[in-house]
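The letters A, B, C and D name the chains in turn, as written, and every chain counts its residues from 1.
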Amino acid sequence: MGIYPEPNKLMALEEAAELVKDGDIVAFGGALSVREPIAFIRELIRQGVKNLHTVGTAHGFDIDLAVGGGIVGVVQNTYVGFEFDFGLAPNFRRAVEQGKVVSKEDGCNSLIYGLRAAALGVPFLPHLNFETSDIMKLHPEFKKFKCPITGQTLIAIPALEPDVAILHARLADKKGNAVIAKPYVADILMARASKKTIITAEKVVDKLGKEPHIPYFEVAAVVEVPFGAHPTALYPDYTYDKDHIAEYIRLSRSPETFREYLDKYVYGPESHEEYLKLIDTEKLKNWKTW
Amino acid sequence: MEYTIDELMAVTMARLIKDGDVVFHGVASPLPMVAARLAKLTHAPNSIYFAGTGGGMNPEPPFMATMTQDAVLFEGAEAILTVDYIFNLAARGEMDVMFFSGGQIDKYGNLNNTLIGSIDDIKVKLPGGAGGANLSCEVNKFIIWTTRHRKRVSSSGREIYTLVEKVDFITSTGFYEGGDSRERLGIHGGGPYKTVTELGVFGFDEETKIMKLETIHPDVTVDDIIENTMFKPIIPDDVEVTAPPTEDELEILREKVDPTGVRKVEFPKDELKRKFEL
Amino acid sequence: MGIYPEPNKLMALEEAAELVKDGDIVAFGGALSVREPIAFIRELIRQGVKNLHTVGTAHGFDIDLAVGGGIVGVVQNTYVGFEFDFGLAPNFRRAVEQGKVVSKEDGCNSLIYGLRAAALGVPFLPHLNFETSDIMKLHPEFKKFKCPITGQTLIAIPALEPDVAILHARLADKKGNAVIAKPYVADILMARASKKTIITAEKVVDKLGKEPHIPYFEVAAVVEVPFGAHPTALYPDYTYDKDHIAEYIRLSRSPETFREYLDKYVYGPESHEEYLKLIDTEKLKNWKTW
Amino acid sequence: MEYTIDELMAVTMARLIKDGDVVFHGVASPLPMVAARLAKLTHAPNSIYFAGTGGGMNPEPPFMATMTQDAVLFEGAEAILTVDYIFNLAARGEMDVMFFSGGQIDKYGNLNNTLIGSIDDIKVKLPGGAGGANLSCEVNKFIIWTTRHRKRVSSSGREIYTLVEKVDFITSTGFYEGGDSRERLGIHGGGPYKTVTELGVFGFDEETKIMKLETIHPDVTVDDIIENTMFKPIIPDDVEVTAPPTEDELEILREKVDPTGVRKVEFPKDELKRKFEL
C-alpha cells in the first residue's frame, strides 16, 4: 500500500538506498542472469543495512552477493543459484548451511500468489492443493482450508507485501514511469504488490515517449545508474559478464577470499562511475555479434 | 554415423512431446530446452513452447543458451509473456508437459531440489525447486530427467545415489507415497510420466506407481541399472534398447537446434565419450 | 480451459458464429461506445442462436442489439446503457421489465474476480465484503465465508468461465495472435478466462510485426471484418457513429419499429460488404478533425 | 461576471479533491470527469486521475467527451491501464475519491442504480451500478452527485424523488442502515463523504450518518431543500451559501477543461437557465 504522486523523485543512489530499512521485505526485479538491481545492492552493502528478507522467483547473483555482503537474514526466493554456467551460489549455500541465513524456500506460484494477493488488496488467495510438498513445512503461514464453493482442499497463501521492490529499468522519467526490458519476469507484479518501488534506470529522461510498464504512482524513488544491472544482463543494451562472474565464483570459495571481492568491487570504488572503470563495458555492449 | 548420449537423451525427451502440446521448463534446463525446440522442428510443429520463465513464446533461436533468461531465447518469439501468466496455464490444466530434475529422485518420482539432510540440519543447500513444488501438482504430466543416474563416491567414501529410496525433502510431488496416495489427497495433474537418465528410460507402474524400467541405452545392461539405483525398480522380463535417433533428428539437432552444443553442459565429461553407432 | 495450437484459424463470419451454441456464456469485448464485436453479433442474430448468457462490465449497444435480436436469455453485465448521449438501453430495458430476459446484474470487480478465478484456474477468489449490496441477492452463487488467515468476512466469487469470448481486434494473424486497441478494458482477461476466444479483426496479416495482446493459443477462430465494431468506435481507425445510434434509438421505441431496424441492417444485407454500403465509412474514418 | 449551475457544481466537486488524491469515476459521469480534470489544473496538480474504465492515466484532453471511452480521454495520457488493474487500487485502500450517482439516493447515502420496484417486480430497469456495488465498499471516500434533486411528477401524477427515504434496491452501499451498521459488518472504505446536488451540498452526521445540509446554492432556500427531499435531512441552524467559483477556476473550466460544455448534458434544460453573479 503506497501511492507516490510527487512529480520529481530523482535522487542519488545513496539517498534511495536509505529508503530500505533493517528487516525490510525486499523484492529484487529481474531473474537469474538478467536485469537484477546490482548497483543498488552494492550500495545497500556499503550502507550496512541488516537482516533483509528477500522474496522472488529464481534468482542468482543478486541474492548471493547480498548474502555475502551480510545484509540478508531470510531468503524466500524459489531458487538461488547460477545455472549450468557456474552452478551453486557459494555465499548463499554457505550461509544457509552454517545457519547464518534462513532459507524459507517458496514455490514460484505460491510466491506469486502471495504477491498477487497483496496486489489485489485481499488477505489471501486460494492455491490448488500442494500439501504433499515439504515446502509447506517451511511456510506455517500457508493454511489448508476447504473451498467454500466446491469443498475441495485448497491452500490459503496470505498476502505477501514487500516493503520495497527494487527494479532495474531501461528507461524512466523523473516521476517514476518506467520501461523495463524483456524478460519482464515478475517485475510488474512486484511493483504493484509492494509498499514502495525504487527504480534504478539506465537512463532518466523528461518524457518517456512510450507506455510505461510501471506507472509512476507506485514508485517512491528514481535513480539513474548506467550499467546498473552489471554483471547481470540488460538486453539489448549489454550482456551477462561471464568473466566477472568467474572471478566472483573464484573469490567466493571462502569468506576471506570473498572479502577481496567486496573490497575491490563494493567498498573500493568511490562511486558508481569508479566501479564502471573496473569493467569492460564496451565488450558487454557489443555482445550481439552472433 | 555415430551419436552420443546427449543426443540420445535430447531425442528421447523430444519424442515424449506430442504435436499440439503446451511445453514449459524451468531454470537450469539445457536438455529440456533442446528437446522442446527439437520436437517443434520435427514431429510436433504445433507444440507451444514457452522458453522458461523469460516467457518467450515459440522463439526461433539460432542457437541455444546455457542461461534460461538469455536474449537468444527471445529471438523470433511471437510474444514475451510474464511468468505469472504462464503459471496460470498449469493450474487451468492447460500445461501438457513440463520437465523437472532433482538432486534426489525417489521411486515414486518425488523430487528433492531443496536440501540434503533435514530441515533442522541442512548438510547441503541445493538451489531450490523454483516452480516445481506447485507445478508438479498441476501440470498434466511431467518428465523427470537426470544426467547423474550413476552413483558416485563422496570424499568421505560414502556412496551417493541420485535415484534414492526416499528423498530427504519432497520439493516436487511425484506419486507421493505410491498407489493412489497422490490422487486421494486431491492433488491435481497427472504426476510424473517418464524418467529419462543417461542409462535408460523408466515409466511408472500403473498400480504401485513405482518406477518401472522401459528401455536401456545401447551400452547399458539391466545390472548397470540395478547397481546405480538405490531403490528396487520394477524390471520387466523384456527390456528393449532405447530407440536410436533418426538421421533427420540428429541433423536438425546438430545444425538447427543446438549447433553450439549447449546440451552437453549437463553431463559429466566421461559420459560424453560414449559413442553409439546408428 | 482451451488451447488452440492450429496454425490457420482464418474463417468466414458465418463459420465462426457457428462456434457459439444455444445457452453459451459469452463475453463481448470492448465497452460502451468502443470496440464491441457488432458485426459478429449481427451474424449471431441471423443464425438465431438462443438464450445466450452475457458477461462483462459496462456495455451498451452490443447487449441492447443482442437482446433486441432475441438471442439473449441472461445479462450479467454490470451496466447496460448508453451514456449521456442516448440514455437508457431501450431493448434491454423493455425485455427485462417484461421478464423476457433475466438481469443478473453484477458489480464490475466481482465480475472480474469471477473471470480472474477462471483465468487462474482456481475454483473461486475471495473478494472484500460487500454483503450490504443487494447485488448479492441476484447472485446466490456468491458465498460469504470466514478468511482462513484473518477471520474477516469475505465473499467467495466462483470461477466464471465463459464458453466463448468474442473480441474485436485491430490486427490479427491467421494463428490468432491479436493486437487490440485502446481502451483495452477487460479483453485480455476475457480471453484468458474463456474456453475459447473468437477474434474478429479489421485486418488479418501474415506477420503481426508487434507483440500481440492476445496470444494465439487462446484463440479458436479468426475472422477479417473491416468496420467490425460499427457503430461503436475503433480508435484510431474510426469513431462512434452517433447518426446510426440515433436512428437505432428511434427505431427501438417498440418491438414493431425495431423490426424495421433489424430488417434494414441485420437481415437485409446479403453480406458484411453489403452492410458497409449502408454506412458512411469515410466520415467515420475522418473523425480526428479536432 | 456570471456563472451557471453546471459551473458551480463542477467547481464544488473539484474542490473536494485534495492534491495527491487518486481519483476515479465510472460510466456516464460528465461532471466528475470535468471536476477531476479541473482539480488537476487548479489546486490539485499532483492528483492522479484515471479517466473512467478506459484507463487513461492523467490524460490531457483538449476538450471533454460525453462518452467515457472516447479517444479524447487518452490524449496525452501517461499510460493506458486495464480496468482490472485500476479496481485493485480500491481494494488496497489506495483509491481516495470516487464519484457515484444514483436513480435513488437515500438518507444514509445508499444508492440505487439497478431497478425501481423490486427484484420480483421490476417497474423500471435502470442501467446498472457498474463498479459501485464493490467499489463503494472499498474506496477511501466517495462523493455522491446528482443533477436531479428536484422532485418531479410522473405521468400518473405521482411525485418522484431522487433523494428518498429508502432506496428500492441498494446497489452501492452508503452508511447502510446508519450509525455504525456499515463498520460493524466489516465493510471497508470510508463510505460517502459529501452529496452535491443542483440545490446544495450535504455532509453526513457523524453519529447517525444521516445526510446533513452544509450549504445551499445562491438561489436556493432551506425550504426548497426540504420540499425536494423525501427524507428529513439534518438541517443546522446556520446554513451558508455554497462558495462561488473563482474567476480563475471559471476561466480554466471554460477555456481549458471543458470548452464544448459537456458538463451541461447532465442537466434538465431549465436548470441551465439559472445564473449567478460572481
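Operating definition for what follows: a contact is a pair of C-beta atoms (placed from the backbone, for glycine too) under 8 Å apart; a residue touches a chain by one contact, two chains touch by 3 or more.
Small disclaimer: the values here were computed from a predicted structure and weren't measured.
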Hey, how far apart are chain A and chain D in touch steps, shortest way?
1
Comparison of A-B and B-C by number of C-beta pairs in contact, larger one:
A-B
In whole angstrom, the CA-centroid distance of chain A from chain B equals 28
Here the gap between chain B and chain D, centre to centre from mean Cα coordinates and rounded to Å, is 59
Centre-to-centre distance between chain C and chain A (centres being mean Cα positions), rounded to whole Å
40
Please compute the C-alpha centroid of chain B, do the same for chain C, then give the distance between them in whole Å.
43
Numbers and ranges of chain C residues touching at least 2 other chains
121-122, 127-128, 152
Give the residues of chain D that touch two or more other chains, as numbers and ranges in rising order.
80, 90-91, 138
Take each protein chain as a node, join two nodes whenever their chains touch, and name the resulting shape: line, ring, star, complete or other.
other
According to the definition of touch, which chains form touching pairs?
A-B, A-C, A-D, B-C, C-D
Which of the residues in chain C come into contact with chain D in the complex?
30-34, 57-58, 77-81, 83-85, 88-89, 92-93, 96-97, 103, 105-110, 112, 116, 127-135, 137-138, 152-153, 182-186, 188-189, 233, 235-236, 239-240, 288, 290
Which of the residues in chain B come into contact with chain C in the complex?
19-20, 22, 45-48, 57, 78-81, 85, 88-94, 138
Can you list the residues on chain C that touch chain B in the complex?
1-3, 5-7, 119-122, 177, 192, 211-212, 215-217
Quick one: in the complex, what on chain A touches chain C?
121-128, 141, 143, 145, 147-150, 152, 154, 156, 158
Residue numbers of chain B touching chain A in their complex, please.
26-28, 30, 53-56, 62-63, 66-72, 74, 80, 82-84, 87, 90-91, 113-115, 119, 122-138, 169-173, 176, 182, 185-188, 265-266
